[in-house]
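The following pair of complexes shares a single chain, chain A, combined with chain B in the former and chain C in the latter.
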Partner chain A sequence: MSEPLLEVRDLAKRFPIGGGFLSRRPAAELRAVDGVSFSIAEGETLGLVGESGCGKSTTGKMVMRLLAPTAGRIAYAGEDVAGMTDDRTRWFRQQVQMVFQDPFSSLNPRKTVAEIVGQPIALLGEDGGDRRRLRERVFELLDMVGLDPNHANRYPHQFSGGQRQRIGIARALAVRPKLIVLDEPVSALDLSIQAQIINLLTDLQREFGLSYLFISHDLNVVEYLSHRVAVMYLGKIVEAAPAEALFRAPKHPYTQALLSAVLSEDGGSAPMVLEGEIPSPMAVPSGCRFRTRCPRAEPRCAEVEPALEPRAATHRAACHFPVS
Partner chain B sequence: MTLVEDRGTAPSPALRSGSAAPLLEVRNLSTHFFTDRGVVKAVDDVSFSVAPGEVVAVVGESGSGKSVTSMSIMGLVPNPPGRIVGGQILLQGRDLVGLPRKAMQDIRGDRIAMIFQDPMTSLDPVFTVEDQMVETLRRHRDLSRGEARDIALETLDKVHVPDPPRRLKAYPFELSGGLRQRVMIAIALSCQPALLIADEPTTALDVTVQAQILQLLTELQRDNGMGIVLITHDFGVVAQCADRVVVMYAGRVMETGSREAVLQRPRHPYTQALLRSRPRLGERGRLTAIPGIPPDLANPLPGCPFANRCAETVDACWAGLPALQSVAGDAEPGRRVRCIRRESPT
Partner chain C sequence: MTDAMQDFSRAELEAGRAAREAWEARAKRDARKPESSLRLLWTALKRDKLAMASAVFLLLVALATIFAPWLAPYGPNEANPSLRLEPPLTEGHLLGLDGQGRDILTRLLYGGRVSLPIALIPVAIATFISVILGLIAGFYRKGVGEVIMRVLDIFYAFPTVMLAIAIAGILGPGMMNVMLSIVIVLIPYITRVVYTATMVVSEEDFVQAARACGASDTRIIFSEVLPNVMSPVIVYGTTTMGLQVVFAAGLSFLGLGVQPPIADWGIMTASGRDVLSVAPHVSTIPGIVLLLVALAFNLVGDGLRDALDPRLRL
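Right after this comes the complex of A and B.
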């Protein structure tokens, strides 16, 4: 197998909490991401799933280099991103782009669509300073994402939510990236529009061989878009597998509960309702972090933290008593 | 007219047997917004009813008018620019449209309660849970602070808030999202309303917490015989708890019927397309998207509001607004579809 495009090893992000600026030590520590490893191959989509506070967006921000990790290593095309020179960082910024959840706050309301989409190209000097070339490229991009190039001089407020998300995607594609971090790209959209954007993302991936890190809480959407899926709970990956295997036969009780909580239109069986809520990342339970809500928990789960171990060829789960 | 008199004359749901008289009847409701861009007909000639103990889901996308419908029932349409320009909202036979503000305040929180999507912004951040619950109770009932506090504790327990005495002292920011939503439900239920309006009650919650809240709502509705208007965009939620469904689009009712009818035998091309476009577990491949975007309500085109996105249009679809009509061969009472091709097989 070829070298992965993105490789993340033991990535962690801890935030010190309180303590005031005169005290030497923070009062507490929030473990947002607590040792996460995964890789993404060229042309592949990895779905990162979890509920709010599980650390999935913090992981995405670290991959984008918008946040510095507390520990761990991120390698892009074999190169450690932490050691990159300014020159290499420019290259990295061209290679890796992001699409945000909220199509309203992620576009500058005072710039036209042409300016928004053209800016990354101009910033990275890809247009060679040629204004006509830049304009042609912007038109091409708008056409690619299904927007009318004649609307290039309009402002974001003149577009609907779905159209704005298309603008955000055009902006991400502008510098011909290889990896796009998609942070809940369809969560803010209406159902009838969601499908349009999901189809667009699939088409673009096929056409340009893009890799996606797809961050979402919506399992239905994740299954549609992802080749492989990693489920996060309280800062750690608890299960990782090819999408088909994970959705068909989850091994971790948390994944099982998540899947059963997805409501189907035909009613189906009653969901497996978990007790309680996710514990605070400032007070992570000992041993297995899911044990406080787990219907299968035993005394051993409080003592020994289960490692993310293979349960099948490509299927890993961190559980002492996995679902069989 | 005082509220006490009204309670005396209103038919008690318990006394009616068989097909109960509606608890809520919305008749030809039209709520318009008068803006600089023109008149936006956010809700246009909408009718539906809710029987005691029944959950009616109003489904639609943003801009469909579902939230304006619930605001109209609650008497909370911001005026200006909004105004109820026509129709009736009958709660146990009494029309709420045009009631003086004071009378509406007495009904709100007492006979009709509402829970909102976002429990963070709908609870007051500077007051404790106790302050907010006691205030609601004493606004509508002649209770001492102590008595109100006892009822508050009892209600928190009923919605399965762990350790109610401690939560009573908490401020909203000290509670998790799921607990906040439970507290909101407790406040809404504290006066034992006849009708609960739940506007996207689980949209802001995580899936595992969503399952808990839906289970709670179903349980409370069963125990109290309360009617619920459930405003949602999520067909999964509809399948889980609705008895009947009202599908709205562009301010109009497009289809109504029982949950089974609307989900399994949808007749309107919009409902059909919406159900098809939803990604579902266990299915992959290309999604069937609905092309285009919803119409501009300030500049409506003549004809069916869905015509410009519909795959099955004929010329007549553009000629005039189709009526909301029954479907031949479907004997279910209350089954209505607004489509001239509702009887053609698709």
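Right after this comes the complex of A and C.
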């Protein structure tokens, strides 16, 4: 086992709610991410799945250092990112890039495609000042993601959603990163376009040995793209396993419910419908956070929080009464 | 380790060069120029006939006032008492004469040299200050932003006209003081426009994307946010210019602005007050000019608002 490229330990993000201009004390606390640990090896894709509001995007932002964690540790290539000097931060930014969910919001409407794709190179690349080389690199990148380099001088509004997402991917690739955080990169796109973008992402991964942190709520997409999958519920990972094992034999009742909702289309088993809403992250249930909606819940679940423990060699689930 | 660009492989450079050559060949063929925002704006604005007509009108007014000394048939204070209060179309006096027997057309031309800059310069200065304040307040919403906006809220509490009159009253009459009071009165309003736009733009993902590339706050504010907040500011600034021309004239009308005998549209309107029943043209003609100029600014502002809307561009 080599050292993982990215290692996240007990990562937490709590947002104070309320508290105004003069009062310093917040009225409540929102636990968006509540102690999350995972690692990503070189060339590997980790799928991070969960319903909206479960903290998966917040986790992605913390990995990108766009948000400061409340607690926990993020290490990239064995180096704690919190302790990085400006120089190392610059290196980190070059190593880790991001593709955003909304292809409309993620491209500045006032900039040309060449300016957008060239921005990371101009800011992080050693050759940012060499205009001719920058231009060549931009054309090469556009070509790489399947766009016509002829369109480099156009503005984002002249492209479709799928093309815009390709521009976003070209921007992320510009400085040759090793790890790309993909925050729901296809959920804003049509189904046919989704497939194209996913194929593009797989091709790029193979070609450049990229690692992906793939954040999504769409299990079909996750299954297709991920090597390993971590399922998040209310700020915590409840199950983590290699994709194949997780989809074949989920151990956590929540994962089981998620999967049954997807697979029911095939006419297999009846979907397992979860009762109620996802609880507020401002009032997380005691013990197991899933117990309020869990069909297998017992008194013990309200008292002791289950740890994320191995159920098989590489399969971990946080449940007192796992599905066998 | 940090060299993102150094380790080009030969094949990659070749690929880049090939792509560039293909691009240049194609670019030559269809001779497509990058479409600048200004060009797109112009194309959209051209379609709006009313706004274009207003812009042309304002341009003519501006040129006429600039070249007043050459265009005006008389001197601004040249009086012919025998013809006082004569109506428009009097021989040699197209728009008639005022109470002191001065040619109204001449004074209108000269008056624009006071009435237009006294309104437009403060709008420009206030916009500049407000853009900076609004960007900072909208970007750093907590802390600095909160302080800026709360201080401006105090100004909001006063009715605009009252505040301007108070400021002009304290500072005393005069062109500089009128301009200063307009600047102070306008800043809270324009700042709020910039602040709101900045708040919206700062939430966009492309700001996060720039941050992920290690862009500094200053760079993000000026190169990512600023170009996206300029549209509402330009529209607001243009629209308010018309209002400020009337407002500055109003201060002069009240005796707080420019002092007679200097020609100014506000003073001219005021001077006809006493003779309104016998010679209504003395007041109404400068009043109509004020109205038309204000209206034209508004129409240009509306036209710009439509032209700057990205949904209407393609």
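What we mean here is this: the second predicted complex is superposed on the first by the 310 of 324 C-alpha atoms of A that agree within 3 Å, B and C clash if a C-alpha of one lies under 4 Å from a C-alpha of the other, contacts with A are read in each partner's own complex, and residues count from 1 in each chain.
Operating definition for what follows: a residue touches a chain if its C-beta (ideal position, glycine included) is under 8 Å from a C-beta of that chain, and two chains touch if they have at least 3 such contacts.
If you're wondering where the values come from, they're calculated on a predicted model, not measured in any experiment.
Superposition model on chain A: chain B and chain C are shown accommodated side by side without a clash. Contact comparison for chain A: of chain B and chain C, C touches the greater number of residues. In the superposition on chain A, A:Ser192 contacts chain B only, with no contact to chain C. In the superposition on chain A, A:Ala257 makes contact with chain B only, while chain C stays out of contact range. Judged by the touch definition given at the top, the superposed model places A:Glu207 against neither chain B nor chain C. Closest approach of chain B to chain C, taken over C-alpha atoms in the A-based superposition, is 8 Å. Within chain A, no residue touches chain B in one complex and chain C in the other. Contacts from chain C toward chain A in the complex involve residues 1-7, 12-13, 15-17, 19-20, 22-23, 26-27, 32-35, 37, 146, 150, 204-206, 208-215, 224, 227-228, 310, 313-314.
Touching chain A in their complex are the following residues of chain B: 61-62, 176-179, 206-212, 214-215, 233-240, 263-264, 273-275, 277-284, 286-291, 293-294, 309.
Only residues 21, 61, 64, 66, 87, 89-91, 93-94, 97-98, 100-102, 105-112, 116, 119-121, 123-128, 130, 133, 135-137, 139-140, 142-143, 149-150, 152-155, 157-158, 168, 171, 175-176 of chain A touch chain C when the two sit together in their complex. Of all residues in chain A, only 51-52, 160-163, 190-196, 198-199, 202, 217, 219-221, 223-224, 247-248, 257-259, 261-268, 271, 273-274, 277-278 touch chain B in the complex they form.
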